[in-house]
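Each of the two complexes below includes chain A, the first together with chain B, the second together with chain C.
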Partner chain A sequence: MADKNFLPRLSWAILITLLYLFLLAPIIIVFIISFDTRQYLAFPPESLSFGSYVKVFHNAKFVSAFWRSLAIGAVVGFVAVSAGMLLSLSLVRYRFRGRGAVNFLILAPFLVPHIVLAVGIMLVIAPIGLLDSYPGIVLAHLGITIPYTVRTITMSLTAVDARVEEAARVHGASPLMVFWRITLPLVRPGLVAGGVIAFLISFDEATISLFIVSVKASTLPTEIYHYLEHSTDPQIAALSVILILISVVVVIGVERLIGLRKAL
Partner chain B sequence: MADHHVVIDQLVKTYPGAPKPSVDSVSFSLPRGEMLALLGPSGCGKTTILRMIAGLVDPTSGAIRIDGRDVSSIPVHKRNMGMIFQAYALFPHMTVAENISFGLEMRKVGRSEREERVLKALDLVKLTGLGGRKVSQLSGGQQQRAAIARSLVIEPELLLLDEPLSNLDAKLRDEMRDEIRDIQARTGVTAIFVTHDQDEALSMADRLAVMSAGRLEQIGTPREIFDRPQTQFVASFIGAGTFFKGKVVEPGLAMVEGLKPLRFTSHARLGSTVQLLIRPHRLVLATDAGQPNSFTGTVEHVVYRGQTLTLQVRCGDRLLQADLPTHAGVLPEKQSEVTLSVAAEDVTLVGEEAP
Partner chain C sequence: MSAAPATGSPRSGGNSRALLLMLLLPGLAALMVTFLLPLIWLLRASFASDTTSAFGGGDVTLESYRAVLFDPFYWQVAWNTLVLGFNVAVPAVVLSYPIALFLTRTTSRFRGVLTALAVAPLLTSSVVRTYGWMVILGDRGVINSGLQALSLTGGPIRLSNNSLGATVALVEILMPYAILAMLSGFGRLNLQLEEAAAMLGANRLKVFTRIILPLSLPGVLTAALLVFVLAISSFVTPRLMGGGRVFVLGTEVFNEATVTLNWPLAAALSVMLLVLFSSIILLYQRALSALET
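Let's look at the complex of A and B:
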């Protein structure tokens, strides 16, 4: 019995492994190159060291851009979740004229290429003097992250039985208390998932950021882009590995905490 | 009316765009401690009335008075109502004790008093010791009990129950029916419950309000509703029976098409057209085909139900349903000829049209 199934099983395992290798190949190559000692990007590496990582941590531009990106991402995540919560509440709980139009408008950024959005957002932000400013980049990122938070929160909210909220009202909870004690805890998975997605999108976003920021509010992706314009050494690979690790840690953390699969 | 605890006065609800009102000028009242059943087919407006009393739906017009005070303008959370929802609607992210404690917290009751009252409520619904459980760890019947405790712990003005037994299986339903009745009697809370199940309504309620298409058809004790239905709808919705249309030819005697004249005791004007009802269990086997109010016909269908035997008897072009006690000697068989009779006082007048 075992022998009969052995060959199909083995070939299946090999196929899966090859597929994953194909998908992960770029990351694996970046990971290996990040330890190369040469001053240009090439594969395979000649000798290995942590030199590039040390250089990244001593690169003042990278370090300050990293903290800026972190702060921008956190603010974007928080605001996108708050706005997403309010939008979802009105879309799920109320029937009003133009509801379909609002729904479409919120999801529209999904359909438009980022480069088109980037030009549009720049043309709006420039006249009000927000180019290369924190409010400017936060606003720009909100435009592309709110569709995601609305999606995750709407899904959580649809799963909440409206009767449960009614039960709370009947038994003495004011509308604000119902929101605070019943609705909010019940949609928490959607809030966390939306917040994490919004943070990661903001943290990784390059196309739109390149149009909005230059020096003062530059984010890590824009700094990487500018760095690549005149030098290509393994520092970029090392930085990429660090960014990948951050994303992985965040996703695993959330998965452990509340179960991302439940939230999505 | 003044001494009544709850008074519903000319309540109307018309949803925007609807051709006719969902609740059409309904009035009734309850003395303190009474259990009233709102009974009717789905869509008759009974749940809308319950939700208007709770404050979840705004009435189009009319008043809801509690102890003489109109509560229509009081927001939901300040009405001090208890409500049991069809699917219980317990708070899924809280424990049983937290669910029960919620209403007290909202009323800013102190922690120690809260804990004490939650324990008492758990005892009342026989969930002693289960306060720490999650809602999802409870069975259907236990969730029902938890929902009752959550509503009663706040000592509500009025307990509202929306189809409280419809989510339970048959065995649990009987158990909870007695349980709810018992808890209501012990706490003395005034209660209104909505149901489409006549057995539930007849066995649980002090009085029944039967509704149809937004209107109140009749309100009365289970016995009044069953034995003296005032409209054909009530008569046919509650219990089985055979209807006869006839013309009153002399006091207490109506000519019925295709059958012998029927005697009845209720008052009806001469010459009017009446609807008469005979309940299946009021028909008895008769020996003399000549006696008044007797029907001779052929048994078309026999169903043995243990205590009773249900017959469908063909009399001319009419089919009569009769429930005979099975201890009544020799029982008729299919295709045999039988004579059934009914006492004049058991012929119920359910409708009268002036000539």
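Let's look at the complex of A and C:
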């Protein structure tokens, strides 16, 4: 019996391994290249060093774009979670006319290509002078991140027993107190997961950002994009590894909090 | 008006409507400005006659649409876009299917880790992963260096700066979406059914074609649709991997919006992409409901 199943099982295992390797190939290769000592792209590396990383840390353009992306992502995460919390609360705890429409409006950004949204947002914010500005890029990232925060927070909120809130109300707590002392702590996993996903989407987003920012508010992905149009040297590999590590931290965090599959 | 809390707590009568409005307002306002308004502006701009101003310039005209529809170049671009979508969707689905099947059926204690590993690339920047493919497929990249080290080829073979490179990179970049869609669609797969079929004498092939494949088909279709629509609306990967030689709707929209600065034309192209996008989704829903009846 075991003999008969051995070959199919082995070939199945090899197939799955190969597919995983394909899926992770760019990440693995970028990791190896980032330690190459040469100035130009080549494979395999002749000798290994942290030279590319040192260069990235001395590249003023990348460093300032990194801090800008971090700040923009943090603001986007905070605003998207706040708006998402209120939206989820009204959708989960209330039955009202137009609830379906609100639900649809929240999910609709999933149905529109980013590049189409990008052109639209560009047209909206250009006349009011917000192109290539912080408020402009934050606004642009809100529409695509709020659906995610609503999703993760709704998941946490549905799991909270509404009777706990009611009990607090019956015992004399004000609605605000109930929200602050009962609801908020109970949905914390959803809040944090939504926040980090929103942060990461904003931090990694290139399509919409390329339409909105150019010089003053350029983000790290847009700087990398413009750099790649001319050169592909290992500096970008080092930078990519840093970005991937940030993603890994977020992935582990979300997985621990509510499960990655459900959040995406 | 009918804003009553679902649980009906006794004290939240009259002012619950005001409270609800306060809860909804910030989020709805944000979505209005960043989603609804842009779509309306986009539609308006696509009919604008003044190509130099951002919005509301000049009269309402069909000039941008006429320029697109009567130019053979844009017909070629539209065709390229559909071909790219198809060429990406088919391999992405075929390569994702075994992974999704494996993740659905495995009882390994590493299942969580393996699932995370398969969908986690979604959370790394597409610019970074495109760069990875530039390194792999470039003239001095991994594959060409390998081939030359083995003296299999004299000079580098063209794997990037063309649509082949763009296709390969997009397949890999969009695979996690396909896997995710399949994982949610494979809920009906049931090991007991397969065991029953095997017990009744069906061989592996028969179990696959008669049980596993039909039950997983809706998930596969959803994955194919998702990858297709994401591929036809992509532009970062076709632009970087294509080295300026791949012309699809995404790259042309970006070009008109940021280089040529013909915003009405960019808007018209976007509207057409959106129409293409929505009609494919509608078509898919029809097909799916036909499949289920």
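Operating definition for what follows: the second predicted complex is superposed on the first by the 229 of 264 C-alpha atoms of A that agree within 3 Å, B and C clash if a C-alpha of one lies under 4 Å from a C-alpha of the other, contacts with A are read in each partner's own complex, and residues count from 1 in each chain.
Just so it is clear, contacts are C-beta pairs under 8 Å (C-beta built on N, C-alpha and C of every residue); 3 or more make two chains touch, one makes a residue touch a chain.
On a predicted model such as this, the values are computed, not experimentally measured, just so you know.
For chain A, the partner that touches more of its residues is C, with chain B and chain C as the two candidates. Of the two partner chains placed by superposition, only chain C is touched by A:Ser240; chain B is not. By the document's definition of touching, neither partner reaches A:Leu191: not chain B, not chain C. Of the two partner chains, chain B is the only one touched by A:Ile182; chain C is not. When the two complexes are overlaid on their common chain A, residue A:Tyr94 makes contact with chain C while staying clear of chain B.
When the two structures are aligned on the shared chain, A:Leu86 is found in touch with chain C, with no touch to chain B.
Of the two partner chains, both chain B and chain C are touched by A:Arg163.
Contacts of A:Gly172 after superposition on the shared chain: chain B is touched, whereas chain C is not.
Shared interface residues of chain A, touching chain B in one complex and chain C in the other, are 163, 166, 169-170, 175. Those residues of chain A that touch chain B in the complex are listed here as 161, 163-164, 166-175, 177, 181-182, 185-186.
Those residues of chain A that touch chain C in the shared complex are 8, 12, 15-16, 19-20, 22-27, 29-30, 33, 40-44, 79, 82-84, 86-87, 89-90, 92-97, 102, 105-106, 108-109, 111-124, 126-127, 139-140, 142-144, 146, 150, 162-163, 165-166, 169-170, 175, 197, 200, 203-207, 210-211, 221, 224-225, 228-229, 232, 236-237, 240, 243-244, 247-248, 250-251, 255, 260-261, 264.
Within the complex formed with chain A, the chain B residues making contact are 54-56, 75-83, 85-87, 89-93, 102-103, 106-107, 150-151, 154, 160. Chain C contributes residues 1-7, 9, 11-12, 16, 19-20, 22-24, 26-28, 30-31, 33-39, 41-42, 45, 54-55, 95, 98-99, 102, 112, 115-136, 138, 140-142, 145-146, 169, 172, 175-176, 180, 183, 204, 229-230, 233-236, 240, 250, 253-254, 257-258, 263, 266-267, 270-271, 273-274, 277-278, 281 to its touches with chain A in the complex.
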